[in-house]
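What follows is a short report on a single structure.
Order as written gives the chain letters A, B, C and D; numbering starts at 1 within each chain.
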Amino acid sequence: MLKVGVVGGTGYTGVELLRLLVMHPKIELRYVTSRAETGNRVADLYPNLRGFTELCFSEPAVESLAECDLVFFATPNGTAMKMVPALIEEGVRVIDLAADFRLQDVAVWKQWYGMDHACVDVLAEAIYGLPEINREAIKTARVVANPGCYPTATTLGFLPLIENNLVDDQYLIVDAKSGVSGAGRGASVAALQAESSENFKAYAVDGHRHLPEIKQTLAGIAKHEVGLTFVPHLVPMIRGIETSLYARLPAELTVDLHELYLDRYKDEAFVDVLPEGVMPETRSVKGTNICRISVFRPQQGDTVVVSSVIDNLVKGAAGQAIQNMNIMFEFDEKLGLNQVALLP
Amino acid sequence: MLKVGVVGGTGYTGVELLRLLVMHPKIELRYVTSRAETGNRVADLYPNLRGFTELCFSEPAVESLAECDLVFFATPNGTAMKMVPALIEEGVRVIDLAADFRLQDVAVWKQWYGMDHACVDVLAEAIYGLPEINREAIKTARVVANPGCYPTATTLGFLPLIENNLVDDQYLIVDAKSGVSGAGRGASVAALQAESSENFKAYAVDGHRHLPEIKQTLAGIAKHEVGLTFVPHLVPMIRGIETSLYARLPAELTVDLHELYLDRYKDEAFVDVLPEGVMPETRSVKGTNICRISVFRPQQGDTVVVSSVIDNLVKGAAGQAIQNMNIMFEFDEKLGLNQVALLP
Amino acid sequence: MLKVGVVGGTGYTGVELLRLLVMHPKIELRYVTSRAETGNRVADLYPNLRGFTELCFSEPAVESLAECDLVFFATPNGTAMKMVPALIEEGVRVIDLAADFRLQDVAVWKQWYGMDHACVDVLAEAIYGLPEINREAIKTARVVANPGCYPTATTLGFLPLIENNLVDDQYLIVDAKSGVSGAGRGASVAALQAESSENFKAYAVDGHRHLPEIKQTLAGIAKHEVGLTFVPHLVPMIRGIETSLYARLPAELTVDLHELYLDRYKDEAFVDVLPEGVMPETRSVKGTNICRISVFRPQQGDTVVVSSVIDNLVKGAAGQAIQNMNIMFEFDEKLGLNQVALLP
Amino acid sequence: MLKVGVVGGTGYTGVELLRLLVMHPKIELRYVTSRAETGNRVADLYPNLRGFTELCFSEPAVESLAECDLVFFATPNGTAMKMVPALIEEGVRVIDLAADFRLQDVAVWKQWYGMDHACVDVLAEAIYGLPEINREAIKTARVVANPGCYPTATTLGFLPLIENNLVDDQYLIVDAKSGVSGAGRGASVAALQAESSENFKAYAVDGHRHLPEIKQTLAGIAKHEVGLTFVPHLVPMIRGIETSLYARLPAELTVDLHELYLDRYKDEAFVDVLPEGVMPETRSVKGTNICRISVFRPQQGDTVVVSSVIDNLVKGAAGQAIQNMNIMFEFDEKLGLNQVALLP
């Protein structure tokens, strides 16, 4: 059994990790840490875990976490980078669900996250954990930077177009929508049900932190910088992200776009390209690690539209982390992730 | 024009008061106070008020509030009782939307609110502002204690039964349900949409502060203590309260209950007794000052059930306060309250 | 592998059965029938099943269903009773999720369901499938009547009190609340999101069909008729039932109610009695087969209150059906039902 | 008093018209027609109107409607065009809230609505009722085609850019989102709360009927055909539309976009341009006739983004119809429309 620790188990990505880990047949959950909840039973905070774990929250300490084969960080940005060097020194592998190891350019990191990076050398070896583009590198990585939710949905949506150089990648548009769990479990007026339900709005117009992450990843695929506008919106539902992606096609398009997507993802367990004319719904992936995608050309014009949906807490966070763990430790990639979405 | 001030204008009862006051044809809004927001434009905090008021929040100060004919308190419990004596000294009349002047027994006040009462003499003259039972006294009151939301729905539901001594008032049951705006605008994890939507639960099982208020009011109607169980529940919607009231009927019932209710409320502008067999819906009163009520006997048995609905922020708070103002200053009781609920 | 058929696979209890069956390790799903959808792929109607089944809907026919060891009926009331006699003749065992075999008194059946019963002899042998009271009889039953959702939550809530004769069972009150999936997947104006969300109301005031079912079951436990008022309400959420149960205690109560409940359910895998002072939330059982229960005495008075929650589509329908299947075929009772609720 | 009739009073635009008309001080509501509900009280179908109207639904008949000065059609597409010629013959003026008089090209009409147009000559004189571009023509119109909801939000959002020729109008992108009331009050599985809440998706990918309407209007402003991609999405809330509009700016932009919008709409009572950096929220216009707009350039790049919000049933339907009525009959344009949105 793989010995696993979770640092920062009280937020939404933390509890989602726990939901998946307590049912995973190949792991043993050793530690779930939380400074604020130290000593309290995990299942008292999260009653859905009653009967599934007797663990109590503990202090995050390198000495005890060093017993683990793998440690997940589900902490605020800037926390993991302070503990990871000591852990990998001890031979522990790490998957960070926060942003600490996502941006390779430390100047860009500082610009968007407002702090210096604490371990530039570890950053250099970190692998961006999107299996559909980095599977081989993930297998041997010591540190995996688990992608953000919007970047996951956006990258999987644009990937076949950009790696085949089929669109004008200087004028990409991402109109993204997320459920409210994306704002996290912190107390805030804006995320009260009385404020956010029965409402829809764009937000983060000055720029969202996922913008440089998306641009870095797409640039890596395109082999050059891309131009991209990213506008996130808040949807009055708990879970789910939909991104509507727009790009300009060349005058002469000789590729069948639907076939292109089917072919690109035919061996991917967690990307499901829908039949032509069927639009993906966020509820069809709720609680699951699947990304569902449709690609279409309205009125057979010069614009291609891609709609991709994920559960922001699963393929956009905890589920993708489990997928990365399965790859790193040579388990079946679907182990512990083979679930049917609740419907209705 | 009546000169009006609002102390504590940033919470949900505060903004609801402002929504009604800016459209009221007989008043002039002089001050809206908030320590935290002093100097900021009211319409910047609440964009629904853009175009309706140019006021900025100001510090709460007796000197300026003394210019007003009437001051509303939409403050946390325990605030009004500290300022009210000075204001009434200046000839200002007061409507308190918090609980400070609701409980006449100061020992009970202290037990449930955890503080000594700051102005027992003023408390003694305060009138409980439920117009359907206290209209005459409200007309001349200097201080009106605006009722709580659950007590309003419960009292109006039980009133005809208890004032006619038709049920066993030692074994009353109130199963109450409230939308999440009842929890207020304070940041809290439990009221996040990700927590409270798609969920239903009972709460406050150790006793809710509205219990002694309900018992005091019903005892006043019955002329003796009543026995009552009150269990509140949280409903995943923004506005609305429904109370289902249960009481035991005597073996021989000679009264037509529906006629009794129709007759009791025939002159009340804001209580609407529905036709037999029609259940009230909270949405039919959303944004309005109306309480809709049905009374029925399931299977013609020995139990009477009353279902009453209000908008917790209107008839349960700000609307009832406007109704009290209209009574106190001899305006038409419906002035500024004659609105049609949004549907759907 | 157990060969299983599902008659009526297009409603919400049907798709919930399919969600659980496709993951159950001991069964083979042979047929899913639907007259309206014959020939269409199940996963086209329910995209959450893409990748989990390649089955198409077929016509319901005794000849093919006779190949099965077990057939579930997830059909409208009145359908199963016409096909079941032929199926049990062929040696097929049956679990009916509709009401056809729930009421033993055919006069009561006709009164509430408006039709004559089609197979009174089969009805006589049918077992009411609430494992917590009928586990032994279920093991050998040919026909199991899967309980209704409200009756499941209500019976499990009252059970320890009534079987120990601790309350006045002539004056029981059930204030029940259900999410909108309880209304089924039929097109109706009242269940449109624009109508039912942001709304709360009591309904079925003339009497709900689950009333005679509850009274029959509680009478069986009490060994005499009970008196009971049942008022259901509609909650603006998809899944979940909460029942608040009220009963009068004798003047002298010598039993610790919390201990009583803990003891009664200590061997039940799917009933979880919460610690004192903790109220159950419907979301903590969403998608799972668990019933969570709290029992308390407000202000230590003469009224006991029980709050019980279930997922109406799982412990209130499809999950309980799987639990009954596991018992009938001597599988581990939790097989295929060991899931953690999604939270948030 | 203006004598007014409403044909088709049972849908959501119908009841919203009634909500506004019963409070309008200058009109007298004579007829509300509905074949299906003839003889029933309007307030029995819509309990929010209890106390505001005693009218019963009647059969739609030219003879009685001819008594009116103005008739609103809130009927399915294709109904108004059959009755309007007879009504205007009688001197009645008409505002059609359906699509019958929106598209001037009858071939385009037939392509998108699947029927021949029944009164091409009347169509030719119909005025597209968007006051912000057609106020003068509306004043004297006999027939006003009330705009669709998406076209209203989109046109008001693009208007200043396109009439000043500031963007590449051959590559406009409209990512639009609507609450579920936009689907109407017809019973349908897809609009059940159990289906549409907790879900987000794009729809109508083959082309939405509002596409030709938007293109016609923008072409009229630009004085030439425009190129435009329009993708609507369904938001799990009752009311509200948000459109995010994307267009490419020229390399050298010499105009202050925010000033441009402020200036364009400074005399418009129902268009509110927000301060820079503030995004509009749909809830801030719920129940009101206001369109709130923000314009911004992410990262000061070559793409302009406009976010505009309306209430689809008010500025997107019934409110705009009242605004048109006020213009046609020389009332104050805001009469009966001066309301504060409910918040929260």
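Quick notes on this structure:
In this text, contacts are C-beta pairs under 8 Å (C-beta built on N, C-alpha and C of every residue); 3 or more make two chains touch, one makes a residue touch a chain.
Keep in mind that this is a model prediction, so the values were computed, not measured.
Using CA-based centroids throughout, the chain positioned farthest away from chain D is C.
Two chain pairs are in question, C-D and A-D; the one with more C-beta pairs in contact is A-D. Chain D has its Cα centroid 37 Å from the Cα centroid of chain B. One finds 46 Å separating the Cα centroids of chain C and chain D. One inter-chain figure worth recording: chain A and chain D are separated by 39 Å, centre to centre, where each centre is the mean of the chain's CA atoms.
Those residues of chain D in touch with two or more other chains are numbered 12, 179, 181, 185, 194-195, 197-198, 236, 238-239, 281, 283, 286, 344.
Considering their complex, residues 12, 179-181, 183, 185-189, 191-198, 236, 238 of chain B touch chain A. Those residues of chain C that touch chain A in the complex are listed here as 12, 15, 19, 22-23, 46-52, 181, 185, 198, 238-239, 272, 274, 278, 281, 283-284, 286-288, 290, 292, 338-344. Residues 171, 173, 175, 177, 179, 194-195, 197-203, 205-207, 211, 227, 229-231, 233, 235-240, 242, 244, 246, 248, 277, 279-283, 286, 294, 296, 298-299, 301-303, 305, 307, 309, 344 of chain D are the ones that touch chain A when the two sit in their complex.
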